[in-house]
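Each of the next two complexes has subunit A plus one other chain: subunit B in the first, subunit C in the second.
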Partner chain A sequence: MTTLRNKQKWRPFFSGLGSLPGLLIFFLLILYPLAALLLQVGFPNVFNTPISWKPSWQPLQQLFANPLNGQAIVNSLILGAGSAILATFLATLVAFARVRGGKKMGKILDTAVWIVFFAPSYVIAQGWVSLMQEGGILSELLNLPNGLTQWFFSKEGLVVVMALRYIPFIYFALVPSIQNIGLEYEQAGRLLGANAGYRLRRITLPLLLPALLAGASLAFAEGFGDFGMAAAITPQMHIPLITYQIYASLDQTPVNYPSAASLSLILIVIMGLAFYLQFHFLKTRSFATISTHSKEQTEIRNHHRGFSLVAFFILFLAFFLPIGSTIIQSLLKNYVTHLDAHSWTLVHYKSLFKPGGSGLQALLRTLVYALTNAFLTMILGLFLAYQMMFRRSKINQFINLLMIATIAVPGIVLAAGFIFAYNATWLIPLHFVIYGTPICLGMAYLAGSLPYAVRLQIGSMQQVSGNLATAAFSLGASNLRVIAQIVMPLVRTTTVSTFFMTMTGTMFELPASSLLYPPGSPPFPETIQQKFNAFEFARGSAMSILGLIIVLLLYMLGRWVESMLLRSSNSVGVE
Partner chain B sequence: MLIEFRGVSKSYGDKEVLQNITLNIPSGAFLALLGPSGCGKTTLLSILAGFQDIQAGELRVAGEVWARPGYIVPPEVRNVGMVFQDFALWPHMSVFENVAFGLKVKRLPRQQIVDRVEEVLSLVRMQEYRHAMVHQLSGGQKQRIAIARALAPNPQILLMDEPLSSLDTKLREQMRWEILEFSSAAKTTTIYVTHDQIEALSMASHIVLLNAGKVEQTGSPQGLYTQPSTAFAAHFMGAANVLPVQVVRSDHSSIMVDWKGYQMLLDGKKVVQRMPYLLLLRPHHLHLHTYDGTVEWKDRFHPSLSSGDHIFSWTGVIMQRAYHGAQWLYKVEILLPHGKEILEVWQSEAYPIKSKVWVWTEKKSCTLVAGGESEQSRYQKKLG
Partner chain C sequence: MNMRYGKLLGIFGSLLGLGFLVSGCQTAASTTNANASQQQNHTTSVSSTGHQQLVLYSAQGYDSAMAQAFEKATGIQVKLDDNSTGTIVAKLEAEKSNPHWDVAWFDGAATMQALANQGMLLEGWKPSDYDNYTSLGKSLVPSSDAYFPGGVTAAAAIAVNTKLVSPSEYPTDWSSLLKPYWKNEIAMNDPAISGPTFPFVAGILQLMGKQQGEAFFTRLKANGLKIFPTNGVTLQALEKGQVKAIMIQDSALVAAKEKGAPIQIIYPSSGVFTLPDVLGIDKNAPDMAAAKKFVEFVLSHQGQQVMLNPQNGGGDSYFNPIIQGESPNPARQQNGIHWVRVNPVQAANQENQIQEWFHDNITE
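Our next item is the complex of A and B:
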C-alpha cells in the first residue's frame, strides 16, 4: 500500500520527466530545423564561420532583388486562391452527388476521392504534362494540330489541374456538414413553396458556408504550399511558384540561403493564416443544424443520375485521366510520332528491373527508407500520443501545440530547415554534421510523418476512456505495461494503418527527397523527377506507375491486416 | 370533409409502416395523431406534407387527389404549413426573414410581406423579436416563431410534428394553451402528432390512435378515455388497471362478470359470452378508506350513496406508495374470493404502508373492454 501511495505521489514529477524524450524528438525533428531556417532571416551570418549573431534585414530586402521571387509569391497567391475557388465549386458538386446518391454511390465516390487524396501531386501533374504537351498523348490520340493544347500551359490551366487535385480537402469538410443538416431545414422551405434552386441558394448553401470556407482555406493552403505540383509543372510552364523558388534557391548555383529562408517565412506566415482561417471558420460553425430526427426514410429522394455522372467526370479528370495518360506514356516507345500498333513497348518497365539499374536501386532504397520510417513513426507516434492523452503535463501540452502547428508547415520548408540545421558550423566540433547522409533524410521523413501519426493516434485514443489507464495505474502498472496491455490492443488498427499510411506516403515524398538525398543515392521520388526533368517521360512514367502499384499493394495489405485484427479481436477495438 | 385517407398503405422495403388507413378529417378540426414510437404517425404526417409517397390507397384534400400510387402532389404546391419537432428555424436568418420566407417565395409585394409578418408575429406575441437571430431566442420563443413561419402564408392545413417534445415540462404546459390559441385564431385545420396522451386529450377536438401502422380507435378525447375499445387503447389513454374477467351472463341492459370469483353486475348490452373480456378501472376512479373491520362500509365511504348495488368494494393492504405532490399513488393488494390482485389507486389522503383499507369504486366507472389476458399482457409489455 505504501509503495502504491509513493508511486502516486511521484507520478506527476515522473510524468513531466517522461515527456522529455518526446520533447527531444520534437526538438531535433521540427523545432530546431524550423528555428535554424527562420533564424537565417534575421541573422544571415549565423551559419558562417565564424558565427555572427549580428541581426540584419538584408535577406528580406534582397528577396525582391530577384524579380522571380516576387512573381512567384504573386503567382502562388493567385493560383492558390483560384484553385481553392474552383475546387470548392467542384467539390460541392461531388459532395452533393455523394450525399444524394444513395449508399452504394456514396461508397464508390468516397473511394474515388480517397484515391485522389492519396495520389502524389507531382505524379498527377506529370500525367497532365504528358497528356497536354505539344505532341503529347492527347495530340497523338486525337491528331490535334500543334498549339491547340498550349492554353493548358498557363495559369488558368494550372488552376484547373490544382483545383482538381484539392477537391478532397473540401469534400471531406463538406460531406459531413451536408449529412448533418437536418432534412427538416429543407423540408420547411419546400412546404413554404421554395423550389430546389431557391432552397439551395437561400437555405442549404448559407448553412454550409462555414464548412465551405474552412475547406476552401485548407485548399488554398495546400495550393500555396504544394511543392509536388510546382516541381512538376514549373519547369514545363515557366510559371515560378514560391515552393519551387525555395527549392531553386537551395538547389541551383549560386545557392541563396537568405532567399530560401525569407521565402519560407512568407510561406509559413501565409499558410499559417490560411490554417488559422480554417480553424476560425470551423469554430464559428455555430449553426446547430444537426437534426434530432432519424434522417433515413423521412423523405422520398430522387437519386439524380446526372449529378453522379458529373461527379464521376470530375473525379475522372482529377485522377484517372492524368494517371491513364501516365500509363499510356509509360508504354510508349521513345520518339513516337503517331500512335499505332507498333508504338507500344514494355521496355521502360523491363529497364526498371535491370539489376544494378538506377530505377531498381532507387526503388529498393526508398523501400528501406519507407519501411524504417513507417516503423519508427508507428512506435514513436504511439508513445507520443499516449503521453499527450494519458500523461498530461505542461511539456506535453506544448508538444501537442507544436505538432498541430507543424502540420501547417509545408514539406519543402521543413526539408529546407534540415539543410540549415544539420549542416551548421556549430555541429562540426560535435561531429554531428549529418546533412547529406541517409540519417538526415530519414529524420526529415520522420519529421514529416510523425505529426500526422500522433494526431491519428490521439484521435483513436480519445475514444479510450481515461479510466481504463487509471484503473491499470491504480493497480501498480507501469507506463510501458499500460501502453502494451491496455492502450495498444484498443488502438491497434489505427497503429497498423499509421504504419501503412506512412509507408505509402514516404514512397512518393518529394520535398525532403529532392533537397536532402545523399549525393549519388537519390531515392525513388527524386529519380522519377530527374527522369522527367531530363525529358525521359516514358521512363519516368513507368517508374511512377510502378510506385503507384507498390503503394496500392501496400494499401491493400494494410487493409487486410486491419480487417484481420478487427476480426480476431471480435471488434474489441475502438476504431 | 377536408382530408380523406382512403385505404392508404406505406412500406419501407419489407416493413409495412401504414396498413389500410382510412380517415376523414373535417375542416377546422384539431386532430391529434396519437401513438407510441414507430406506430406510423410521423409517416402519416409526411404523406400529408408530400414528403412520402404511398403504395396503396388515396389521399384527397378538399376533393382533390394529393397522393395515390405513382402520383404525388409536391409539397411546394400543397399550401401546408408545418411546425417541426426541433423547429427547423434557419439559423442564418433573422426572425423576420424566417417568417417572411414563404411570402417572399410567393413574390408578394414588399409592404404586404412586412404587414403579414407583423400580423403573425403579433398573433404569437413576438413583434419585438423581429430582428433577433434564432440563437438569441429561448425554446418557447423558437416554438412561437416556428408557428408564425408556418402560419404566415395562410396554409389550409397546419401540421405539427411533436412540437413540444424538445421543451421542458413547464413550458410544454404553457405552450399547449398557446398553440390552441394560435391555431384557433388562424382558423386552420391542424394535425398534431404526439405520443403524449395528455397533450392529445387536452388539446385535440379529435384523436386518431395509431398502433403498429393501423388505426386502433378514433373519436373524441372523452370517448377514447372513457370508452376505449381495446386493451391497448385503455392502457395508452392513461393509467389503467386492466383486469381479465369472464362474462357470466348478459341481457339487453346488464352484464354479469366474474373477476376471480367476485361477481359484478355492470350496465351494458348483450355481449358474446365465450369471448375474453377485460375490466378497466382507472386508478383515480378507485377510492380508499381505512378498514376497521367493524363498520358498515358503504355509509362511511360516501353518505350520498344509498344502495350498495351502485358500488363495488374490496378489502386490501397498501403494498407500496409514491408521493406525487397533489396525490399519492398506491399499489394495493386486494383480496378476491379466488385469489389476490394488485390495483393502482390515486388518492389525496396519506395511508401508511401495510395498512388495511377498503378499496371501492362506482359501477359507472367500470368499463368492459373486449380482449383476453394474452392481449392484455402483450400491450402491457409493449407499453413498458
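Our next item is the complex of A and C:
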C-alpha cells in the first residue's frame, strides 16, 4: 500500500517530464520550421541579406488584393468538404463489406485498399489524366469522339477522383472500430426489439463517430491541402485552388515566400478551426467502444454479397482505372499515336535495372529513408498519441491541436520552412546548419508523416475507455506496462498501418525530396519526377510501378510478420 | 510476452531517437564546419583539403552528363541538384542568407536577371573563352556579366500536324494563325506554368508592341486558342489531332520530330524569341574557382559536344550553339531563322504584370 501511494505522489512530476520529449520533437520537427516560414508573413525580409526585422503588412495586403486567392480558398473548401463527404460514404460501404464479409473477403479488400493507398497522389492523378484527356487511353480503347471525356476536368470530376483517393484514410480508421464494437451494445439493442436499420442508425454509427470523424477530417485535410492532384489536374481546368496558389508562389518565377507563407497561415487557421470543432464535439460525449467487459465481435456468418460487389466496384474505380492506365503508359513505346499490336515494349522496365544505373541507386537510397522514417514514425506516433490521450495536460493538448492542424500544411510549405529553419545564419556558430544533409531530409519526412500517425492513433485510442487505463495506473502499473498490455493490443492494427502508410508516403514523397535532397544523392521520387519533367512519361510510369510493386511486397511481408507475432502471443495465453 | 515486447520496443525506440539526434548533430557539425571555413577563406580550405567541389543546381537535360565530363576533365567533384527551374529558383531564394550553391543553370535570361537584380550573382568576371562567342552569343550576355548563355533555343516556333495540314496551308508568320482556317485548331502552353512560354509572350509584346501584342493574343483566343499546361500535353494534342498547330519551344519540337512525330516546324518570318540556357555564379560561392572553371568548360568545344549529344540531353540537346565553330544537331534547321533578342531586364521587371494580364484575359 505504501509503495502505491509513493508512486502516486511522484506521478505528476514524471508526467510533467513526460511531455518534454514530445515537446522537443514537436518543436524541432514542426514548430520551428513552420515558424521560420510563417515569420515572413509579418517580417518579409527576415531571411534576406541583410537581415531586417522591420515588420510589414505588405504580404497580407497583397494576399487580399488578389481576388484569385479568395476564389481559391472557397474552391478548396468546397473540394475538401465535398471529397471528404463522398469518401466517407464510399469508405463506410467498403469497411462494412470488409467486416461483414468473412475472412477471405476481408483479406482481399484490405489488400485492395492498401494498394489504393500505396499509390501516390501524383501517380494516380497522372493516371487519371492520361486516361481521361481528349485522345487519351479511354478514347483510344472505346473509340470515343473528341469532347466526350471533357466533363472530367471540372470541379465535380475532381471531387469524385479525390474522394476515391481518400477512401483508405477513413477505411483504416473505421475497420478496427467496427471490429471492436462490443457485441453487448448491439445485443442490448436487439433484446430491446430494435430492428437492423434502427440499430445501425442509433447504435453502430454513433459509436463509430470518432473513427468516422478522424478519417473524414484527414480526408478533408488531404483534399484541402493536396498537391499531387492539384498540380496534375487543375492546370487543365483553370480553377484556382489554395494549394495551387501556394505552389505557384513557390515553384513558379518570380518566387514569393511571404505570399506562400500568408496563404499557408490561412490554411493552418482553417484546419486548426476544423479540428478544434471536431474535438469540441467529441469531448461532449463518450465514444469508448471497448469497455472493461467487452466481448469481441465474433465473425458474422451471413455474408452480404451486395456489399462486397459494391466494394469491389468502388475499389475498381479508385485503383484499377488510374493504375491500369499508368501500367499501359509504362508499356508504350515513345510517341505512339494510336494503340495497336506494335505499340508495346518492355524497354522502360529493362532500363531501370541497368547495373549501376542512377534509378537503382536512388531506389536503394529511398528504401533506407523510407524504412527509417516508417520505424521512427511508428514509435513516436504511438508515444505522442499515448501522451496526449492518457497523460492529459494543457501542453499536450496544445501540441495535439497544433500538430494536427499541420496535417493541412502542404508538404512543399513545410519543406520550404525546413530550408529557412535549418540553413539559418544563427545556426552557423552552433554548427547546426543541417540543411543539405540526409538528416535534414529525414527530419522533413518525419515531420510530414508524424501528424498523420498521431491522428490515426488517437482515433483508435479514443475507443479505449479511460477506466481501463486508470484502473491499471491505480493498481500501480507503469507507463510501459499500460502501453504494452492495454494500449498495444488495441492499437496494433493502426500501428502496423502507420508503418506501411509512412513507408509508402516516403517512397513517393515529392516536395521535401526535391527541395531538401543533398546535391548528388537524389532520392527515388525525385528521379521519377525528373522523368516526368523531361516528358518521359513511359519511363516515369515504369519507375512508379516498380516502386508500387516493392511497397506491395514489403506490405505482404509485414502482414506475414504481424500474423506470426499474433500467433506467438496467443500461444502464450495473454488476453 | 507482450510486456517484454513493449519494453523492448520502448528501449529500442528511445535508442534510435537518440542515435538519430546525435548523428544529426555530428553530420551537421562537420558539414557546417566545411561550409563555414569554405565561405570564410575559400582558398585555404581548398588547399588544406586538397580537393575542390562544385555544387551545381541545374534544370538542363544534359546536366548529369556535363557533371561527369567536368569531373573527368578537371578532377573537381560535382554535387548535382537536378530540378525544375521553379524549384531551383525557390531554393536559391530560400538559401539567400546562407547559400550552398556555386553555379545555377537553367533556361530563361529574365529569371536569371531577377536573381541578378537582387545582387545574388557574381558580376564583372568574364570566362577566358568569352571571345569564342558568336555575335548572337555576345548579344545575350548582359552588360553586368552576371550570367552567360550556353546555347540558345527559340521560346516558340509553330508546328503543324502534317497528316492534317497540306503544305499549301502552312502558316508563314504568327499572324497566319488568325485565319478562319485555324479556328479551334491552335494551342500553346500556359506561361504561368511552362517556363519557356513566358519569354514567348514577352517576346510577342516586345516585337509587336504592348497593345498590338495583347490584341494578337486576344484575337487568337477569339479564334479558339487552347491553353495546355506544358510542352508534353500540348505536343500530344497536336499528335493526336486535337489541334492542327501549336506554338512551343523549338528544341522540344525537333526532339518530337526526331522520335517520329508527324510534324513540320515553321519559323515565323517576323522572328522567333531567344530563350538561352544561362549560367550564373553565386556571389558567395563556397567554391568560386570551381564555379568559374565550370562556366568555362560549358563554353569549351569539349563541353559543347557533350551538350549537343541527344543521348545526354534529350530534347535540350537540340539547341542552337552560339560558340564559333560549333554546329547544331543536323535535325535542327540551320538557316533562315530570324532571332529577336528578348530584353531580359524589361521582361523581368514586367513579369508579374504580363503574367496577370495573360491569366485574366487569355487563360481564364
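We adopt the following convention: the second predicted complex is superposed on the first by the 291 of 575 C-alpha atoms of A that agree within 3 Å, B and C clash if a C-alpha of one lies under 4 Å from a C-alpha of the other, contacts with A are read in each partner's own complex, and residues count from 1 in each chain.
Simple rule for what comes next: a residue touches a chain if its C-beta (ideal position, glycine included) is under 8 Å from a C-beta of that chain, and two chains touch if they have at least 3 such contacts.
Predicted model only: the values in this text are computed from it and were never measured.
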{"item": "Touched partner set for A:Ile203, first subunit B, second subunit C, both or neither", "value": "first"}
{"item": "Touching partner for A:Gln61 - first (subunit B), second (subunit C), both, neither", "value": "neither"}
{"item": "Contacts of A:Arg190 with subunit B and subunit C, given as first, second, both or neither", "value": "first"}
{"item": "Subunit B or subunit C, by number of subunit A residues touched", "value": "C"}
{"item": "Partner chain(s) touched by A:Ser474 [first = subunit B, second = subunit C, both, neither]", "value": "neither"}
{"item": "First (subunit B), second (subunit C), both or neither touched by A:Ile434", "value": "second"}
{"item": "Contacts of A:Ala534 with subunit B and subunit C, given as first, second, both or neither", "value": "second"}
{"item": "First (subunit B), second (subunit C), both or neither touched by A:Ser154", "value": "neither"}
{"item": "Subunit A partner contacts - residues on subunit B that touch it in the complex", "value": "12, 42, 46, 49-53, 72, 74-82, 84-86, 88, 90-92, 101-102, 105-106, 135, 149-150, 153, 166"}
{"item": "Subunit C partner contacts - residues on subunit A that touch it in the complex", "value": "21, 47-49, 51, 68, 133-135, 146, 235-236, 238, 248, 250-255, 257, 334-335, 337, 358, 375-376, 379-380, 383, 416, 419-420, 423-425, 427-428, 431-439, 442-443, 480-481, 483-485, 488-489, 514-515, 517-520, 522, 526, 530, 533-537, 565, 568-569, 572, 574"}
{"item": "List of subunit C residues in touch with subunit A within their complex", "value": "1-3, 5-7, 9-10, 12-13, 16-17, 20, 23-25, 27-29, 31-33, 35-36, 55-57, 61, 64, 78-87, 89-91, 93-98, 100-101, 108, 111, 114, 119, 190, 192-193, 195, 198, 227-233, 235-237, 239-242, 252, 256, 259-262, 314-315, 351-352, 359, 363-364"}
{"item": "Subunit B-touching residues of subunit A, taken from the complex the two chains share", "value": "182, 184-185, 187-195, 198, 202-203, 206-207, 209, 286-289, 291-293, 297-300"}
